[in-house]
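Okay, so chain A shows up in both of these, paired with chain B first and chain C after.
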Partner chain A sequence: MREEIRYIAPLFRKCFIQTGVVLVCLFGMQSLHAQTNVSKEYRIKAVFLFNFTQFVEWPSAAFSGPTSPFVIGILGDDPFGNSIDETIQNEKVGSHPLVVQRYKDLRDLKNCHILFLNGSDPEKVRENLLVINHYTLTVSDADNFMKSGGIIRLITENNRIRIQVNPEAARTAELFISSKLLRVSEIFDPKNQPK
Partner chain B sequence: MKRRSEPLKRKLIRVILLTCSVVLFLTYTSYFIYEYFTFREVTRTQVATLGKIVAANSTAALAFDSRRDANEILDAFKAEKNIIAASLYDESGSVFAKYPAGISDDKIPRMPGAQGYKFTNFHLEGFQEVVQGDKHLGTLFIEFDMAGMYARLRLYAMIAFLVIVLSFVVAYFLSNRLQKTISEPILELAQTARMVSDHHDYSVRADKSGDDEIGALTDAFNHMLTQIEVQNSEIRSFNQLLEQKVKARTIELENANGKLEVVNEKLVRSNSDLEQFAYVASHDLQEPLRKIQIFTEMAEKSVTDDASVGYFEKIHSSARRMTELIKSVLNYSRLSKTGEQFEEVDLNMILENTKTDFELLINEKKAVIKHDTLPVIEGIPLQLNQLFLNLFSNSLKFSSSEPVITISSRILSDKETSDYDFLHGAKVPFVEIIFKDNGIGFEQQYADQIFTIFQRLHDKRSYEGTGIGLALCKKIVENHHGFITAKSELGKGAAFYIYLPA
Partner chain C sequence: MQNDQLLILRRRYHKLCNCTRLGFLYYTMKRKKSVILFSFVCLFVAPVWISAQTTLPAASELKKLSFEELMNIEVTSVSKVPERLTEVASAIQVITNDDIKRSSSNTLGGALRLASNLQVAKTNSHDWAISSRGFNGATLRNNTLSNKLLVMIDGRSVYTPLFGGVFWDVQNVLLEDIDRIEVVSGPGGTLWGANAVNGVINVMTKSAKETQGMLVTASTGTFLQDHLAARFGTRIDSNLYLRVYGQHFDQGSTKLANGTDARDNWGLTQGGFRLDYYPSAKNSLSIHGDAYGGSEETPIGSKQSGQNLVGRWVHTYSETSELVVQAYFDRTWKYLLASDLRELLNTYDIDAQHRFALNKSNSILWGIGYRYMDDHTSNTFLPANRGLNLVNTFIQDQINLIPHELDLTVGTKFLYNTYSGFEIQPSARIAWMPTPRHTLWGAVSRAVRTPSRFETDIFSPPTLSTPGGIFKAETVVSYEVGYRVRAGERVSLSLAAFYNFYDDLRSFNNNPTPPTTFIFANDQEANTWGFEISGNAVVNDWWRLRGGYTYLDKKFTSKSPNVLPASALIEALDPKHQVMIQSVMNLTRNLQWDVAARHVGDIQSTLVGTAAVGAYTTFDMRLAWESPKFTFAVQGQNLAASDHAEFSSQQIPRSVLAKISFRF
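Presenting the complex of A and B:
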């Protein structure tokens, strides 16, 4: 019977050793039209945004009170439509109710916990990132987002969405990213990047 | 029944082996039951733990739609070969990942079920919810094959069975050897007991083997044998003593018998001598007496004076009396040497003769004679005649006035015959004849005396008689193998009971 007990240890080890983080994602059998393609992709991205709340820890200093809202902000044009609102409806992060705030440009920006930056202009993204506070998980699907100092980038590739994470940037923002999230993500290391 | 006659040795071995195997069997059975349930419970706990761990690890894969990661996580089940199937369902309940990768869909449930594990023939399967924080992300299914575990239990059972068999064999040899300490002293004791009962030899003794209960039994047995031996010798010596005593007594008796015979012989001889003498004497006395009577009569005629006539008269009457006496004695002695033949005698005829003989006296005394019809018996006519004469004479003689004589007879029943002691349980039927009178009677205490010769209860003056009559009666009845007895009360008459074989 000792044998039965023994198998647990290697299983643990195996789970944690695995750090190759590539997400293979097949979106059913449906072919994706241009119009629906966008909304479907962003519908998934909206769920991802919500799921980040489960795998990232915010320090209590990020909230003004125990029941103050958890804010998901969208900077620039809103690509999610109301899918993000549907996803977070009636959901909470701990004791904090979830709210979505949309900012037309940087001037409107307020304190938020997750900020999705929409935009493909690398210079603008870099500028935006400079003004963003601590405790904000920055997410974008812009190509140069990681190089500009973003924390999580969503990469769409062959109908799959991959996650790229910069742990260093997260640590700077005083956010703790769960190893589980890291497992399914690609780690971005700015030092190893080709110039 | 068969078991009871089984030798002690086999009984002991059987008891030991039975105890041994029952104990082993119970031990192993309880061990097995414990093992079986513990095993199941431990397995369930482990599988549940494993499920929780894998579920916790697969949260991110489900949350971020990473099938590759999910498959990798499930692939870890390879480490536990008893997990034959596993699958991960997403939030909507459709299959997200499977283990092993190539398993067909019908081997796993299409939809996730309720949280928890259950045993279904040789499998343990169940569902574990995948939750991150309080967010439900999906469900994990695990199927665990118990066959391996059961195979091991079977192996245990086989080993246990072999151990029991081996223990049985070892116990048999051990008990075969060890039972001797108990059975051998008992067998020896039994052997001794058998020797005692077979050969009746109480001098053997059983060997004592120890101070246990068997030792005590041996002691008791030996003690018993000693006692039996002592008692036997006592009985034997007592028997010898008894035999000697019996022998001595027998000799004494024989001596006494011899003496008695001699005395008897002498008595018989002297008796017959006496009777001979009586016969001779009375016979010879008749002659001179007749001469005395004849010459007295002649002298009487020549005497004239009154005084002398008176004297002669007295001489005459004395001589007559003497003649009667001599006749009676002669009769008595004649009866003693009877050689007469028995013949049929009608007692009624005898009675009629007697009445005729006493006719004068009966008339003179105004006597009344009452009688039944008497039977015909085997007897000697002259003697029976004499018997009736004597009894009649007796009754008439000892009566004051107007005597009434009643003669009755009947045949005794078998029961009465055997009831009367004096008939000595005779087999032949008896006749009872009763002579009853209303005379002077006598006291009952003299009932035996009256049958003795020359025995008279009354003085000669009041009643005349020779004192031989009733003695003659007795003699006659005895000659007829009968019995005579009398009952009376003074002044109230007498009854003579005569019993004669019919």
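Presenting the complex of A and C:
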């Protein structure tokens, strides 16, 4: 076996150079095919947001009419780019077509069913959460989000995304979270937290 | 689209190959060194402006996945530069799970090559010489006399009181379970256990919560002949997680300098578990253990086995206050056939550590620990059995002089050991962060290497004797300065320079009072100096690089005319220069191409009968196809250097391995 390797080795060396050449070409090619640069993390988070529409129930009172849109709002800088638009394209929640709205500031905020709060400033998040209506599923990846009263936090740890849910906060917002979602989530209990 | 691109590429590349027959590339092909040079050029000339490449399925496909499947996708194929490193005022380098996975290493020793601030050399099929900032000692039986490094695996110290080093052949953590390895070069003496003179290696495995599901891997290759591993993780209760694992491998042999088979093949079987319990947000409990058994042929035929059990409880009072209590039992057994030496070591250890904020600007960390080591030998050591006590306590105050800008950390460790009694190891560190991206730091520390049974109890008439109880601890006073910078999210760079002054180093002396010819003494001094540069660069969405360069030089002085001239070489066999570069690349959504290249400078002549080890340059390469449930990898080690010596006369081979992994 070792003998065989000895014969293969010089070939391997040659291949290595050729692979290098391929790579140089590849770089050249790549630059011609520029794509939008939304991180993998947020493209997956966009899919999480979409999945929440399927595993959380909104009361009919949350909608102004039977075909009124289901609104996913993004507050603050938009980390999703067009990945969220791609994800929800032609999708419906029951009879409600999905739409995305982006809000620069709290003052622009309109009624929405899912609100993604971007921004890692805990004070700001807390402030934002104070003025958010009933029937809004608040989602964020900010560190202090759960303590500030948020409903779902997306945690990126060890390169993977986990979900943390505060069922109590969901109940307050009059939303019903399915057991399927709860099963894969970590439950956040505000009473049982280190100070 | 992807295929079309590839087709065009293939055509282009044929053309290119033809064109270059007469050109620069052909010239480089003819010379081995230049091949490496070329590969480096390949890695570096690549423009940083390359746009991101899609490595994820389209949104329409992602929507079909369940929550569990979504949660299993790795979100950053390219890890972000770890942020908290910028705040650490020491020469720390971190090897992540992904770094290891994307290297071609299949042992812990191999994985440690990824830290460029370590001197790592393979001595034979089953052992390693590993040190930081020099002092890789000469080979002794299957091991080396390297003794200035503290190695911890999940809080358990794995150094042997027999000679103060580590038996690397029995530290076989399942690499897939490793969360991260922190490598600190320089004295970590204040906070850690004994022997952290030149550095600390801290191996941390993932919690059972993070290793849920089934993982099976099987490998076969030309050097590592077979490796089978399985791990299963399950949630027993809502807050209780368990994983169990098992692995078995057989590794082939190296060659001797004359080309004949060194017959140093070995095999090992290991199993273990980890239980993580989170009764509340304020408490967590972790219990884990391992058991192994293996056998090795030459240089000294040996058998080994061991078991360990560790329990750790963490209680969080508040964000600034935490208590950690840990206890472990560790049993290791070794049998060296040729010298009929059996060694059984039972270690009992208990530690507690408490962190709290004294006021707004003072954060205190203090701890206390006791270890009892019960060592039994069948010959070579006198007395044959020894019970060793080690008591240590430490206190450290991190003083925030200017919030977010200037930190001073002062602390000391007090140590009591059976051999040299009471030892004190103080240190002071200062860190200045003029902006959040830049950290300048400096440190002065004193650390000791406590005597081992080797210098105090060895009994080998008529050649060698020990000075008994008068052998002192070796000491170092170390001066360090460093600079860390983070340029955006994507690039980080670290520079650390040091000057160490060692005193009372072990020496082999001519014995002025026979019967024995030689005797141990503390008659050497040494100065070492050097620097370490390391960096991480996330080039784009699908490519990242990490690497480093380490320079080390030293000067030994004898304090007595009786010191044998070879004494310095017995203590320190280190290359002056070493370079490591790791490239991690996702060629397409599923295809990974990774390279880890290294250059290691020459090592001065070792003892009688062995030649100096020449400089060598080589690289490992891995090509893998990975989907969420399945990985197939072909990986090669030492592809540019066929049989080459790294430390002793054993020739480490070039090798190729195929590996298949399933996750479900």
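Here is the rule we go by: the second predicted complex is superposed on the first by the 157 of 195 C-alpha atoms of A that agree within 3 Å, B and C clash if a C-alpha of one lies under 4 Å from a C-alpha of the other, contacts with A are read in each partner's own complex, and residues count from 1 in each chain.
Here is the rule we use: a contact is a pair of C-beta atoms (placed from the backbone, for glycine too) under 8 Å apart; a residue touches a chain by one contact, two chains touch by 3 or more.
In this text the structure is predicted, and so the values were computed from the model without any measurement.
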Message = Under the stated touch criterion, which partner chain does A:I161 make contact with: chain B (first), chain C (second), both, or neither?
response = both
Ask   = Just chain B (first), just chain C (second), both, or neither: which does A:F48 touch?
value = both
Message = If we overlay the two complexes on their shared chain A, which of chain B and chain C does A:Q101 touch? Say first, second, both or neither.
response = neither
Key: Touched chain A residues, chain B compared with chain C   = C
Task = For A:V184, select first, second, both or neither according to whether it touches chain B, chain C, the two together, or no partner.
result = both
Query = Between chain B (first) and chain C (second), which does A:N111 come into contact with in this model arrangement: first, second, both, or neither?
reply = neither
Inquiry  = Quick check on the superposed pair: does A:S83 touch chain B, chain C, both, or neither? Answer first, second, both or neither.
reply    = second
Ask   = If you lay the two complexes on top of each other, which residues of chain A touch chain B in one and chain C in the other?
value = 1, 5, 8, 12, 14, 18, 21-26, 44, 48, 51, 55, 161, 163, 180-181, 184
Ask   = Which residues of chain A touch chain C in the complex?
value = 1-2, 5-6, 8-9, 12-14, 16-27, 29-31, 33-37, 39-41, 43-44, 46-48, 50-51, 55, 83, 86-87, 89, 156, 158-163, 180-181, 184, 189, 192-195
Request  = In the complex, go through chain A and note every residue touching chain B.
outcome  = 1, 4-5, 7-8, 10-12, 14-15, 18, 21-26, 44, 48, 51, 54-55, 91, 94, 161, 163, 178, 180-181, 183-185
Key: Touching residues on chain B, where the partner in the complex is chain A   = 39, 42-43, 46, 49-50, 53-54, 57, 59-61, 63-69, 72-73, 76-77, 79-80, 132-133, 135
Key: Residues on chain C engaged by chain A in the complex (per definition of touch)   = 5, 8-9, 12-13, 16-17, 20, 25, 28-29, 32, 35, 38-39, 42, 45-47, 49-56, 58-59, 62-63, 65, 67-68, 70-77, 79, 97-98, 179, 206, 210, 222, 280-282, 316-319, 541, 587, 593, 621, 636, 639-640, 642, 653-656
